[in-house]
Amino acid sequence: MNKNRLEAFSDGVLAIIITIMVLEFKVPSDTTFEAVIKLSHKFLSYILSFIYVGIYWNNHHHLIHSAKNVNGKILWANLHLLFWLSLIPFATAWIGEHHFASFPMMLYGIVLLMNALAYFILQKLILNDQGKDSALSKAIGKDYKGKASVVLYLIAVFMTKYSIEVSGSIYILVALIWLIPDRRIERTFNENK
Amino acid sequence: MNKNRLEAFSDGVLAIIITIMVLEFKVPSDTTFEAVIKLSHKFLSYILSFIYVGIYWNNHHHLIHSAKNVNGKILWANLHLLFWLSLIPFATAWIGEHHFASFPMMLYGIVLLMNALAYFILQKLILNDQGKDSALSKAIGKDYKGKASVVLYLIAVFMTKYSIEVSGSIYILVALIWLIPDRRIERTFNENK
Amino acid sequence: MNKNRLEAFSDGVLAIIITIMVLEFKVPSDTTFEAVIKLSHKFLSYILSFIYVGIYWNNHHHLIHSAKNVNGKILWANLHLLFWLSLIPFATAWIGEHHFASFPMMLYGIVLLMNALAYFILQKLILNDQGKDSALSKAIGKDYKGKASVVLYLIAVFMTKYSIEVSGSIYILVALIWLIPDRRIERTFNENK
Amino acid sequence: MNKNRLEAFSDGVLAIIITIMVLEFKVPSDTTFEAVIKLSHKFLSYILSFIYVGIYWNNHHHLIHSAKNVNGKILWANLHLLFWLSLIPFATAWIGEHHFASFPMMLYGIVLLMNALAYFILQKLILNDQGKDSALSKAIGKDYKGKASVVLYLIAVFMTKYSIEVSGSIYILVALIWLIPDRRIERTFNENK
């Protein structure tokens, strides 16, 4: 019961976050092909952030699904995660508006990093509640993916000063790590345990 | 369970998409009848897009309802559909703001086309999961409506260069195909199988 | 199942409609008491529309709750109602921004009227589906409240040309009719049948 | 059933309220570190209001969860609470935009006060419905926290004329009272009964 409403509220917030990013696409003042081309940076940043929020929604779903019950700490760790997720539209708009300029790209990386940490905290609290032998604990394993993401974000944030191409590639890479080979990698990780 | 949350999240996103289009109706600076008349293009484009999102919500509902279970692929195909649906408010605002100008009308058609393709992919993945003899498979049949929509969208997109009246009529026609005679046509399709 | 998702989607749209009205409260450029006073017309129109959307949510809830099943017609009548409800924020912003000027007040009344008619259609379709002896049919009775609302809206719309005080009072009156004495009047109506 | 839809609707409104505050973070026109620093007031006010809405969502959840059934009065008391909660984004934007200026800080406090009173009314109505010996009644006890909050808000509102530091500290203090030591204090309160 408790858990259902946590899911429903999180779904609501995530649905709004993923959709308000689209409000950044202001209607162009002219009606040419160039007007659309000018939006290409915003469009690319929107796609990337859409995928990130999608990944979080997906993982969040599995995480909460596996939680037996929800206590006050988990509830606030969840709100903490939603807080950082809610900053993604702002960071996305900033990098899109200013064509992936160095400092906005750094902030974008910091927001992604904080999201990863907030997710890690939430995961930790749910794991603590369940014990080491739970199915969730085994599925997550040593959480190489989560740890690798944090390291990659840190590198990307540092690299924004020197090359936004490298930083941007890392943001895309982390998304792909979570998006595409999900199961295979997870299985490999589990075997490496 | 999994399925319910997919529905809930999709409902949330669809509810936001259908409602934020209304934010394009900026409060007129005067209080005359003419001020409302000036909004007529936006109003017409809003009605059309409202109906389109309504149709997608309706069909999406039936589609997910008939799905037995939801795997990772279906989940991402669903997010892919939501992505293209989320661009409808932008395309709607553009054609409304610029009185159905040629290029925005083309983009509107491309967005509708991408939505149709995204829906087709989602449908395909759910059908693959269910087998050829499922009730869903029989209900969809050869999917003449889906295929006809894609062809009509392509014609409309091409025609925007020559006549926005023709393109606009096709957009309305496709909506009517899905909206009005739903059952009768479906039965005919089923008999033609 | 079907019904639940109709409710969930309608709840989502209603929740957004009731909340986006608040986006009209633009942050004042100064920090004085007068800045808040200038918002008073917007505030009053927001309160009235908040109550109206609240009434619709409440009645919609009872109506759908009593529906046995949901067919295609009911689904589209529901979307039709949501369409007119979605115009309330625009009409509210217009009357608030322009201090209840005559023409915006007329449009506000027309939107309320269309909502009443859309609700009437939805109610009719659900009643048709249930038969005359259903509990819902008895609860609604001869629907004096619904019919009186339509007549009052028509008078208010006509009166905007001559006195926005009269029109405004009628809008408030109709809200009070639905808001305050709900049960007592309903019982009286039932006895008058 | 009734209760579930009240929860779902409230969740929807709360999810939107907590998320639209983020729309106040307008994309800066430059891409410097200073641009982010300029947003710091908005960021601080966002954090505080995010926590407040989180607290209300949390408490609202427990309150409605413990309610046996929902009548018309409870339903409208709930809408009344949602109304005042919906003003939090406006008040938050005002204090953030104008760097915690005196009068906006007063209005922020008044909005928090009205929320506390609206919550108190909702709680009272649910308690009346349940009887004095209910679990909810015992859990709330003499509601020292609720009463202390109201007194603290009143002091803070009064103090905005003299020191926004004091008022701001009180707003943070009340949030902490509800946020951090929830259970311990509640137990103490229960023992003091």
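Assorted remarks:
A, B, C and D label the chains in the order they appear, each numbered from 1.
One rule holds for everything that comes next: a contact is a pair of C-beta atoms (placed from the backbone, for glycine too) under 8 Å apart; a residue touches a chain by one contact, two chains touch by 3 or more.
Computed from a prediction, not measured in an experiment: that's the story for all the values here.
Fitting subunit A to subunit D on CA positions gives a rotation angle of 90°, reported to the nearest 5.
Comparing the contact residues of subunit C and subunit D by number shows a mostly separate set, under half of all numbers used being common to the two copies. Averaging C-alpha coordinates per chain and comparing to subunit B, the farthest chain turns out to be D. Spacing of subunit A relative to subunit B, judged by their CA centroids, is 28 angstrom. Separation between the centroids of subunit A and subunit C, computed from CA atoms only, is 39 Å.
Subunit B has residues 8, 12, 15-16, 20, 23 in contact with two or more other chains.
Against subunit D, the residues of subunit C that register as touching in their complex are 7-8, 11-12, 14-16, 18-20, 22-23, 25, 27-28, 31-33, 35-36, 47, 50, 54, 57-58, 61, 65, 179, 182-183. Interface residues of subunit C facing subunit B in the complex, by the touch rule stated above, are 1-2, 5, 8-9, 12-13, 15-17, 20, 23-24, 72, 75-76, 79, 82-83, 86-87, 89-90, 93-94, 97-98, 101-104, 107.
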